[in-house]
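Naming follows writing order (A, B, C and D), and every chain is counted from residue 1.
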Amino acid sequence: GDLQSLSDYERRAERHMPPETWHHIQAGAGAGTSLAANRMQFDRYRLVPRMLTDMQGATTGMELFGLRHAAPILLAPVAYHRLAHPQGELATASAATALDTTMVVSTLSSIPLEDIAQAARAAAVELGRTAPPPLWFQLYVQPDRAYTAELIHRAEAAGYQVLVFTVDASVKRSDFTLPPDVDAANLRGMPRLSQNASAAGGQIVFGTPLLDAAPTWESLAWLRTATKLPIVVKGLLSPHDAKRAVEHGADGIIVSNHGGRVLDGLIPPLDALPAMVEAVEDRIPLLLDSGVRHGTDVLKALALGARAVLIGRPQVHALAVAGMQGVAHMLHILRAELELAMVQTGCARPAAIQRHHLADGS
Amino acid sequence: GDLQSLSDYERRAERHMPPETWHHIQAGAGAGTSLAANRMQFDRYRLVPRMLTDMQGATTGMELFGLRHAAPILLAPVAYHRLAHPQGELATASAATALDTTMVVSTLSSIPLEDIAQAARAAAVELGRTAPPPLWFQLYVQPDRAYTAELIHRAEAAGYQVLVFTVDASVKRSDFTLPPDVDAANLRGMPRLSQNASAAGGQIVFGTPLLDAAPTWESLAWLRTATKLPIVVKGLLSPHDAKRAVEHGADGIIVSNHGGRVLDGLIPPLDALPAMVEAVEDRIPLLLDSGVRHGTDVLKALALGARAVLIGRPQVHALAVAGMQGVAHMLHILRAELELAMVQTGCARPAAIQRHHLADGS
Amino acid sequence: GDLQSLSDYERRAERHMPPETWHHIQAGAGAGTSLAANRMQFDRYRLVPRMLTDMQGATTGMELFGLRHAAPILLAPVAYHRLAHPQGELATASAATALDTTMVVSTLSSIPLEDIAQAARAAAVELGRTAPPPLWFQLYVQPDRAYTAELIHRAEAAGYQVLVFTVDASVKRSDFTLPPDVDAANLRGMPRLSQNASAAGGQIVFGTPLLDAAPTWESLAWLRTATKLPIVVKGLLSPHDAKRAVEHGADGIIVSNHGGRVLDGLIPPLDALPAMVEAVEDRIPLLLDSGVRHGTDVLKALALGARAVLIGRPQVHALAVAGMQGVAHMLHILRAELELAMVQTGCARPAAIQRHHLADGS
Amino acid sequence: GDLQSLSDYERRAERHMPPETWHHIQAGAGAGTSLAANRMQFDRYRLVPRMLTDMQGATTGMELFGLRHAAPILLAPVAYHRLAHPQGELATASAATALDTTMVVSTLSSIPLEDIAQAARAAAVELGRTAPPPLWFQLYVQPDRAYTAELIHRAEAAGYQVLVFTVDASVKRSDFTLPPDVDAANLRGMPRLSQNASAAGGQIVFGTPLLDAAPTWESLAWLRTATKLPIVVKGLLSPHDAKRAVEHGADGIIVSNHGGRVLDGLIPPLDALPAMVEAVEDRIPLLLDSGVRHGTDVLKALALGARAVLIGRPQVHALAVAGMQGVAHMLHILRAELELAMVQTGCARPAAIQRHHLADGS
């Protein structure tokens, strides 16, 4: 009844988590200006509708990397779903399958990646479908390259069809401690670097093992040789980096400031998008996340050149409030909102959404 | 005494309605950013007055579609006036007649359109006038074309002189249920489409009967053949659509985002107006609604190229607070404010209001 | 002790007046957007200082209409000072004399204009000065031209040296009723027009006697013949009107929106100023009022081309809080603030204040 | 634990001081618009990161006036540290030494400048370092030139290596009275000018002895002859003054509005910076203070052309909360934040921080 928008889920979710977990999931870095800017970036634009369009045969369906996706909305990689609900990623994967939505599974999932893929397939069978929607796997490059390679091969073997290489969160400050029943299920047994190692030469962050293990362009070059899957680089915000990613063989980019979680003051993705679109010249698709909460946000991102968007926190909110059904309902709301927005603007398919559908707000 | 502005009526009205009705009337779609923008669009402009003008013989009178209107202010079509007052549209029509103001009667009126026209004529007689001001009828195209044609002929027969074709509200989400004593009086007996029919092919809104019955440009072409009355298309916001409307034989356009009620994020009409004025090149008049609350708002809309404005919610507020007399008083306030604004800016007639009377605010 | 700025006086003054009087003095017209804009217009600009300037011999003194003024700050005409303090304009005139500040006496003063001039001379004598600062008289043109002429001659005879012709407040709505012990002392015996006379032809304001008696450009032409005093037109905001004023023989203009009291939404004077400066091409001086509260506001107005500013409400606040001494102290604060601002920006005289001392804020 | 940012220290500090002291330290001049603008100036810019950069050998180290500084962050001159903590500047100097940070000691220090230098050296010895970081001395030119010369020679003799000549605070209003146990330790025995001396010729500030003793460009010329130390002029905000400073032989400039403490409405330094950078054409380095609170603020200032920044109030906050350790911790936080920001933007040294790392916010 009264859960009619993603914000309704957000408001409700707080009661379903311990305060530290809630803060860990919600908070932005530093003073939170990027977090706020992520929402404001969408409000800057107004929709200019085209009315009286014939919408016979309208669809939200689209293709990415040769794979059919039911809508230009994906679930962003989010660590540790079991923080929000005991069934964790299993519930999310089932809900995503029910709504024909691609889930990007995190390296830091709290359920082994193989089990998540299996849950998606099982849900598809139950719904009488031949297959679940494409599954993507998000990779945090690990200090040990052999270990990283093994992780990639596990994902390939489990049927993941796209690899998301996250590059913006290698050095990140956090006080949050995982509860005892939640862990990084995919990384069990892997030795991890301490974030508290002291630095050399009077510097504080520079020179720490953590920073030394951070990915570089060379890591992308290596990754290109380590897999045949399409590689999507997640976390770029400059046209310069977009060009370099193309040069290094990336198949796509997720324009993202990590939901405002890493460095406060980062440009919001929607502001960064146009210059990046220009830089890549249609050679590879650009996706976008950070702050997407309404169907009209999706439409605005597409009008500015994104091919699809991802949503992060809303999956956690819905999962905390109502588990699998919560995520399914949340996705249903967002999809319905997108279709309504497309109707009102006369767009019968995602590619019909163009810059002329937007005006700069005052 | 203390009811001196339209906002005073708005503040007061809440007490006169059940909360759900109040919410139904007031609320904007989604997060309400368009609703807020509808007010802010007016505050963006500042008035640049011309002082010491001779105002002998000044008038607010003007012509639209060959019909004399006492002022460039009309009552926008608003469904179900009986939600606000037991006399509903009868009270509104009498008040409008008293203030020589055109009322646009909604397809969804809670009193039959014939009775409303009759109430207007009766009020004119009582005031010793030869005729009431011109009455306009707002049309929602119905799924059944024959039924729609019949509705038009009823309006013509009852003396309505202009037809307003609303195109922006065919697919709209609402939880509001009419109370038992209020109904769509004009549509009694007409089978209506369920808004909950399930869609085909995994889509949610696309492919529903509701959407399939939505009007298209073809509907306008048909309408042009179905009546001789001037047709005003209500709910356009882009220059592209303005041009198409002209091509399809429309006689006027109401630039409107439906008071922010349909899709959140739509451009406010005042922002859309200049490009539309340019697009139609004076071939047909543009009217504007959404957010008009002050005499200076009217002046600003006219300075930017509108020929007249319509007010929606304020009629409901005044009706709820004080019935017929409330609406008459509210119209008196707004008309007095417009005249004062014209005095201060030295405009002796509506056509004298020009772009140079405005400056962009900071 | 704790009265250190004009805002301190404003905050304090409320306690010293009945609520209706306070509201009458403070309120802006309509929704109060112009009132707020009058303050924001100053905050839009930032000061760009020039440091290390030699300030030997610095002065705030300047000339207007051949008359020496101690600072580019005048007291704006404000009706009925006895609303704030039993001594009314007598107290204000004495304080103004003490601080060597020109007072513009209103047609609607609550003390006869002759007595006010006398109070100023008496204060000068008491301070051992040869003469008080120049006194100006503000004229509201009265419906009866002979009566108006008589008023002018009374002002000339009483020693007023400049005539301010206010043109922006002829038709103004107000509910405020004067208390029994306060009246328009200069207009005793003059028949006044009712503001409630009904209008002709279905209009509300248009065609009323009040509007018919409002001044026009012809009134200014007549005034030019009726006096030899310099005439300053108060209440213009457009370059068009500025040019016409010059053509009609005005000696100066006060760029003003009447403190936001007449029509809500009027452009703030500082926004209007640059185009008006350009329009008059230095032929006559432009003064400015509405919202001036700080020494830096004075500096900003001068940097944008005003030759002096006037302050309205602050005199009423200071008068209500502490009578004559309040006004003197308030003027002292403002003058000290102006001098400090001139020191910090390296301006040793008013004419040194230039556009390059300002930057547009963000 | 819960002191993780400079704002945390600020919030906490209030409890550690009497209200008048707190107000004296925190308050901005006048209405406080400059104080607020000092923070907003940073929020106007968004960071455009460059990811996947190799950060091997990264450093914050840089050179100024031939002296090695560990990071582009200095402690701004702040009077009377003993207001915040009984150990005053001794504690600050020790903490600065521990974090290898340059302290600019104020003329108005509450500990003699010689003792502060001694404390810094002692701390270096204790830490096993050969020398403390460079110490700078801030000069307020005194009415008596011989006395000023003596002050300079004391600073030189005590080992200070750079002279900061503050030019923006000679005439400043303040009600604050020092508590009995705090005084201007360096100026003991020097006769000071009363701020209450009355002015000549009807002016209030102009013509007072205080203003007559204020520094001028001639003072800088004299200073240039009086010392061989590099001279940094503190408190300029216009390109015009920047050029004059270069012409008068200044070795550097601190672009500053004195933390919004002197004249309300002054342009925030970041807004002033680009034009000044252009004016000096790389002939001398520009530093910046006022409002710096985050590592990203440092990065933004450097991207816009500053070579280093100074922080004022945060040292007082940290000193009040936790003495020497507080200041050391606060500096550690800021340095860590800067390094993290450099990592995220791919800048391996201060000089790598460029304009392309910023985008204007909306």
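Throughout what follows, contacts are C-beta pairs under 8 Å (C-beta built on N, C-alpha and C of every residue); 3 or more make two chains touch, one makes a residue touch a chain.
Everything numeric here is computed off the predicted structure, so don't read it as measured data.
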item	value
Any chain in contact with subunit A as well as subunit D	none
Any chain that touches subunit D and subunit C	none
Interface sides of subunit A and subunit B: same vs different residues, half threshold	different
Rotation in the CA alignment of subunit B with subunit C, degrees, nearest 5	90
Length of the line joining the C-alpha centres of subunit A and subunit B, rounded to whole Å	43
Centre-of-Cα separation between subunit C and subunit A, whole angstrom	61
Sequence positions of subunit B contacting 2 or more other chains	none
Arrangement of touching chains [line / ring / star / complete / other]	ring
Subunit D-facing residues of subunit A, complex	30-31, 33, 37, 40-41, 44, 167-168, 171, 173, 175, 201-207, 211-212, 214-220, 235-238, 240-241, 244, 262-268, 271-272
Subunit B residues touching subunit C - in the complex, by the definition given at the top	4-5, 7, 43, 45-56, 58-60, 70, 100, 294, 296, 300, 332, 335-337, 339-344, 356, 359, 361-362
